[in-house]
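Chain nomenclature is as follows: A, B, C and D, assigned in order of appearance, with residue numbering initiated at 1 for each chain independently.
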Amino acid sequence: MSETLPADGLLGWSWLLIALPLAGAAVLLLGGRRTDRWGHLLGTATVAASFVLALLCTIQLAGQDGAPADVELFTFISTGELDVRAGLLFDPLSAVFALLITGVGSLIHVYSVGYMAHDPARRRFFAYLNLFVAAMLLLVLGNSFVALYVGWEGVGLASYLLIAFWYTRPAAATAAKKAFIMNRVGDVGLALAIFVMFAQLGTTSYAGVFGAVGTLAGGTVTALGLLLLLGACGKSGQFPLQAWLPDAMEGPTPVSALIHAATMVTAGVYLIARSAPIYDLTETARAVVLAIGALTLLIGAIAGCAYDDIKKVLAYSTVSQIGYMFLAVGLGPAGYVAGLAHLLAHGFFKAGLFLGAGSVMHAMNDQVDMRRFGGLWRKLPVTFVTFGLGYLALIGFPFLSGYFTKDAIIEAALDRDDVWGWVLGGVAVLGAGLTAFYMTRLMLMTFFGRARWEEGVHPHESPSVMTAPMVVLAIGSVGAGALLVSVFPLSGWLEPVFGEPEEAAHVVAPAVVGLVVTAVMLLGVLAAWLFVGRREVPVTAPVRVSPVTRAARHALYADAVNESLFMRPGQWLTRALVWVDNRGVDGAVNGLAATFGGSSSRLGRAQTGFVRSYALGILGGAVLVAGALLAVTAG
Amino acid sequence: MFDAPDLSFTALAPLLFIFGAACVGVLVESFWPRDSRHPVQLAVALVGALGALVSTLLLAGRGEVTADGALAVDGAGLFLQATIAGLGALAILLFAERALDPARSAFVASVAVPAGSPRDRELLTSPQVQTEVYPLATFAIGGMMLFVTSNDLLVMFVALEVLSLPLYLISGMARRRRLLSQEAAVKYFLLGAFASAFFLYGLALVYGATGSVRLSDIRAASLAEGTDVLMLLGLALLIVGLLFKASVAPFHTWTPDVYEGAPTPVTAFMAACTKVAAFGAILRVLYVAFGAAEWTWRPLIYGVAIVSMVVGSVLALTQTDLKRMLAYSSIAHAGFLLTGVLGLGADGEGSGLAATMFYLLVYGLTTIGAFAVLTLVRDGDGEAGHLSQWAGLAARSPLVAAVMTLFLLALAGIPLTSGFTGKFAVFRAAVEEGAWPLVLVAVLASAVAAFFYLRVIVLMYFSAPAGGADGERGPTVGVPGLPTTVVLAITATATLALGIVPGSVLDLAEQAARFVG
Amino acid sequence: MSDLPLLLLMIVVPAVGAAVVAALPKGRDEVAKQVSLGVSLVVLLLAVLTTVAFDTGGERFQRTSSWTWIADFGVSFALGVDGIALVMLLLIGVLVPVVIGASWNDELPERRSMTAYFAWLLLLEAMMVGVFVATDVFLFYVFFEAMLVPMYFIIGSFGGPRRQYAAVKFFLYSLVGGLIMLAAVIGLYVVSASELGAGTFAFDALRQLEIDPGVQKLLFLGFFIAFAIKAPLVPFHTWLPDSGSEAPIGGSVLLVGVLDKVGTFGFLRYCLPLFPDASRYFAPFVLVLAVVGILYAALLAMGQSDMKRLVSYTSISHFGFIALGIFAFTTEAATGAVLYMVNHGIATGLLFLVVGMLIARGGSRQIGDYGGVAAKAPLLAGVFLIAGLASLALPGTNSFVSEFLVLIGSFPEEPVFTILATVGIILAALYILLMYQRTMHGPARGVLLQEDPAEPAPAGGGATATLAPPRRSLRITDLSRRELAVAAPLVALIIVFGVYPQPLLELIEPAVSATMSDLGGTD
Amino acid sequence: MTLSYYLVLAAILFTIGAVGVLVRRNAIVVFMCVELMLNAVNLTLITFARSTGTVDGQIMALFVMVVAAAEVVVGLAIIMSIYRTRRSASIDDANLLKY
């Protein structure tokens, strides 16, 4: 990567990117009810402002053709060998993310103004949302792994707060806790990675680490890669830490759109892309990334096929799509750009889909069961159209964004030109088919067929404040792919970060890949039509189904495994330890005390009160004393 | 013809003072009109004790052997004499308390009257009060002061009897609970006589082994021809007699019974002064006479100390009567004192002597204070000694509770009280002589001991008042008259002062810590 | 100002204040409160002045002063402050006024006077200051033991239903440790006497000693056990849950916030510099205790149904981190450990306060009696959450910095132990969020469903204390202005030191690296 | 004949006295046993005095007798007082104070 310049001009102010939303959050939280009336507007404004700023910064960056800018802020922790500076690194990679976060973020803020209009706690909602944006920006803009870690847990907190936004619902509270805990598991990996960096290289800044990582032993680098991967899995809901993401849908839908689809969950991909210099050096770690990506891709897709909860289907689709991205970045230099491109595209269409789902729920009194939808296209035209475009983009309909980005990944996989390449490519293609299946199923159950609404439900289109962002995102979903791959190639933009993209000799011609993928996709659509579209959708899910379906409905038993492997033993262990502590450790002490008491009363018996026994005692004592003295002199 | 022994009357002044007062007391007892006798007796006794105290202080720094070698008036002796005299004076003040008991004294008017007889019941309400205790107590003090300065086993024996016999008598003179008091007297007397017989036999054997009972000669003899079985047996029996007086386990059995039965002021007197005297004698015998044979008895004392600490503190745990509890605690403290005794080291140059003397002083003061508080808490028939009756005392009379707490913390050895300074001194002395395992046992024992001191505080402060339910059964806290007030003031002040600024007194003990002869 | 005996004043002022308050006639509670608050604020001011005048580049011990106390024992009344002690002074200075404010109208058990409570608090403050500024081992010991008495009365007289048991347990545990330490102190003195001719307790002189390793081990154990009980490390910990849960909230805060720090402070100030070889010899053993403590106590915390017990167990877990940081023997880790002492005092202090405020409303310590409080008392819930996040060391809160320093500093020396300890941060998230979810989230439960009493008393109103049995207001109100004022400073500190801890680090580091060099440290 | 016989005899007497204290109940008898022990000591003293050819031991014996006399006075007084209360001289009856 090219050497960093001192930040000047606007880049010097890039810390405002974080400061603005943070300030917004602070005002809203501390201001209390006073800010109820205009709070949401402030929240939206701050994010919009940082979007503009991000845009300007990016332009300046483009002006200095992508030479990264380092923004020194202050000394965070400096003691002994350790010296952590709080600083920002504004380079093409972080610029892309900053734009995505602030851009999609602003749109979703706008949407939420409408969506949360009737919620008494709307102010709190926007405060948390701003907090999230700030933390997320810190995550992507920080210039050291510590800064990243701070943002990393910061978004965790925001996600916790937002999932539990309707905390009176036990389900929401539990989901939030689950999300935080499983993220913490990942965080441990990230933390340990940082410790290793300090222990081995004495620094935690990107520049320092990436500069010296070459000097490390292979094993150490692999360890680093795996530890970072653990962190990434936690945050991005990848196997084996994927179970929290679908539950996270308990949060308000805009949250699902912003945090659990567009931005936060892609942080894992950012981490791996950012740590490219490390992964470039460790084949093993990359292989694990690939495996996890492929596996998660399938798990998500399969589970997505079985759920009836519209948001859960989208959630599993997210899991699956991020699997694609992991697969991409796991491929190394060939895949980084493809992965990030997919990430951006996914940011658009998945956010759009969630907003659409939100609009549907809005219309159906927060009903999420697709078996209770149907025939909505007539009632919700705008939602239908925007959602439909997002749908097409996701399943990779030719020349929409998903088509370009997903194919790029599959090509990159095949370009490995070894058996693994074929396997991964195969998995990716299969995944595309499944994606087409479950998304079509979703479309059919929601918008087509007979209306299966509960009585008293009168669907109505959402207000424009909600539909407008959906439209924007729909446009994005349509164009993003083409834009990023051909018109304004991301590869060129990211060149300062990942270096010159070497033109790999294609094993299979892109055109062929495109055709195959499209074919499989159509197959999936057809299957969905055969299974769902043709028949009447029962209002309640059929009970007697094939074991495969049952497994899929239980997300391949991920929760069951977690429970029986960790939760139950943990609870049992805790109960056991409590017993040990009270009976054992404390009991030992009390036992000792009791022993003293007992021996006291027993010894006390010797104090019979009879003069003669006392005299005997004295005589005995005298004999002992004499004996002792003689013994000492004798021995 | 025979030539009179050289007598340095200045060096004897303290003894002359106290014994003189005792004799005067006897005369007063026999000739002074009964109705105004009490104040006079009190005055005589106090003058004797305080005079002795003052004269010892004036003599401070002297070190000479006088009375033809029978007495060693040296620094240690004088310090201990002063301690005994001072504590004795305080105890006598306790004897003189007349405000607390409706019958105007803690002592029965006429001992001869059998307990529970009609006459006895009359006596409870009669104005006449006991006055024989004063000369008796004075004699006891004299005996103790002689005990710690005697440089001759025979004189020591006589002193032992002079201090014991009056104690036997006055332990039986309680006005309340006379049966217990008499029982205490009988037990104390029989066992005391028994023990002193051992001491005497030891004396005889030592005499046989060395041809003399003069401590210096014994030392010389043991240096000359080493230690033979006869001498060791003699030493053993001497030690038995002394440890009995010091109520060191396993010779402690009399202590709880006598302390509980005897009138509380007497208990205070015994607990404080007798300990001082006994340990003074122990130190003198062990180091002046048998210092050369230190290696023979050191392990023994080591073991006895441990036994005493453990037995004392463990047995005290389950006591329900405060006097009895303090009795056991005194046994434990005897153990702590022995660690100081061991701190003298083979050459007797260690800091143990000063430490032990300081400990004796602070322990005596605190103990007298504690027993003085005991006399304040009363119910229908005399003092309310049962723990349960002390529950919630702090709510009823915060001051008394606070003072008692101070004494208890001192006995437990909490810093900023005299008890801690004393413990630190003796433990330091012991460690300096390499007896750290003993000190380890000691600290653990004092941790155990802390529990029962603490329990009293818990009761006084954290518990609901005794008989709060049925109301009238709760004990009353009497308003002390002048004497007890003075005692409490002095002891409490001393306990605090010697905890916070002990420097000067420690210096004094340090300078005084010399044996001659 | 530079020649004012600030340290002495910080001991004398609260002591005198305690005397004054104690002397007040019964029932003059208002006066007592104001006097106490004033005194504690003066102490805070003094602490700040000391900090301002402290020269981070200068001598290790500053503002030193010494008066001969007991000549025969070579004891002197020597005071002095280094960076480590200084930050603890600041902590005391902050926490005591907060505690006084929080206890403003506590509900005391029957027949207990507010004046006595505040007098004990001030006396305790004097003792705590003394412990940290003493530079004479004997003096330190005296304060170390004397400190027990006020806390003993605070727990025993003003605590919960099982206060007697808790108080005695607290006292005996600490006393046993203290007495064993006494033996070691004497041993140290004797060693110094044999080496320097004249025995001394002066810390600076003792640091120079070259003690024979065998002796070192014995003395180390003597000190270590005392501190391990105080700190408390597993398995010497079982007194803390009882004391922490039975003590009145103010007592719990000071107990866990400051008193127990004396243990870890002792490790760093006395065990390491005085007995370097022994410290190295026993380090693995201590590290095992520390890590076991982190995990064991965290799991136990999850199993608690009593909020105050839960918080006590979390503290035990945190003390494991501190011990790990100290015995990893690196400047980073040890600096982190000291910072941890301060941060833990602030974070857990706040947590205890909030829990106490909740209990004052609901009248129950059982988690199961609460639920959905956030809906009724959002501010309370907010503060609760901040305190909780701070104690699970979320980045942005002060605890993160210290925990991060401890772990990253220990890792190079002790990778295995550090990895195990790092797992503890998952458990930390679990126990905090479990408690938070069960009490604050979900539908209204437990006491929130019981109807309010006829006349709504102010939360924990002292007025209701006289009635027997004391009846409490079951109305869950949000934080009062007073409670907000009490919590606000701590919240502010949590955030400020979470974002910009450097000033504290600069205070701490010189003393720590001095300690490490005494140790012949690894850097 | 050698002095050791006297010493042994004295020792035996002392032991008899000590055992007597342990086995007899009557306070007076117990007390007499103590006196016996003292007299055994006297015998020892005189024997040693004889052996060393000095009069010290004999003088000591006189001291002991005087002390013993004083002891008798005090002892009888105490025993008498408790006897008058309890109408029994058995020391096993005096057993209120224990444990």
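The working rule: a residue touches a chain if its C-beta (ideal position, glycine included) is under 8 Å from a C-beta of that chain, and two chains touch if they have at least 3 such contacts.
Here the structure is a predicted model, which is why all the values come from computation and not from measurement.
Asker: Looking at A-D and A-C, which pair shares more C-beta contacts?
Answerer: A-C
Asker: So the centre of each chain is just the mean of its C-alpha atoms; given that, what is the distance between chain C and chain D in Å?
Answerer: 65
Asker: Taking the mean of the CA coordinates per chain, how far is chain A from chain D in Å?
Answerer: Between these chains, centre-to-centre, one finds 97 Å.
Asker: Based only on mean CA positions, could you tell me how far chain A sits from chain C in angstrom?
Answerer: Distance between chain centres, rounded to whole Å: 37 Å.
Asker: With chain centres taken as the means of their Cα atoms, state the distance from chain B to chain D in Å.
Answerer: 26
Asker: Please list all residues of chain B that touch 2 or more other chains.
Answerer: Within chain B, residues 186-187, 190, 194, 256-257, 451 contact more than one other chain.
Asker: At least two other chains touched by the same residue of chain C: list those residues.
Answerer: none
Asker: Of all residues in chain D, which are in touch with two or more distinct other chains?
Answerer: 18, 21, 30, 91, 94-98
Asker: All pairs of touching chains, please: list them by chain label.
Answerer: A-B, A-C, A-D, B-C, B-D
Asker: Going by the contact rule at the top, pick out the chain A residues touching chain C in the complex.
Answerer: 29, 74-82, 146, 149-150, 152-154, 157, 160, 164, 167-170, 172-174, 176-177, 180-181, 184-185, 187-188, 191-192, 194-196, 198-199, 570, 573-575, 577-578, 581, 585-586, 589
Asker: Spell out the residues on chain B that touch chain C in their complex, using ranges where they run on.
Answerer: Listed in rising order, the residues of chain B that touch chain C are 354, 395, 409, 414-416, 420-421, 423-425, 427-428, 431-432, 436, 439-440, 443-444, 446-447, 450-451, 454-455, 458, 461-463, 501-503, 506-507, 510.
Asker: Spell out the part of chain D that touches chain A in their complex, as residue ranges.
Answerer: 18, 21-23, 25, 30, 91-92, 94-99
Asker: Hey, which residues of chain B end up touching chain D in the complex?
Answerer: 111-112, 114-116, 154, 157-158, 161, 165, 168-169, 172, 178-180, 182-187, 189-190, 193-194, 197, 200-201, 203-205, 207-208, 211-213, 256-257, 260-261
Asker: For chain C, which residues count as touching chain B in their complex?
Answerer: Going by the criterion above, the answer is residues 68-73, 111, 141-143, 145-146, 148-149, 153, 156-157, 163-164, 167-168, 171-172, 175-176, 179-180, 182-183, 186-187, 189-190, 193, 218.
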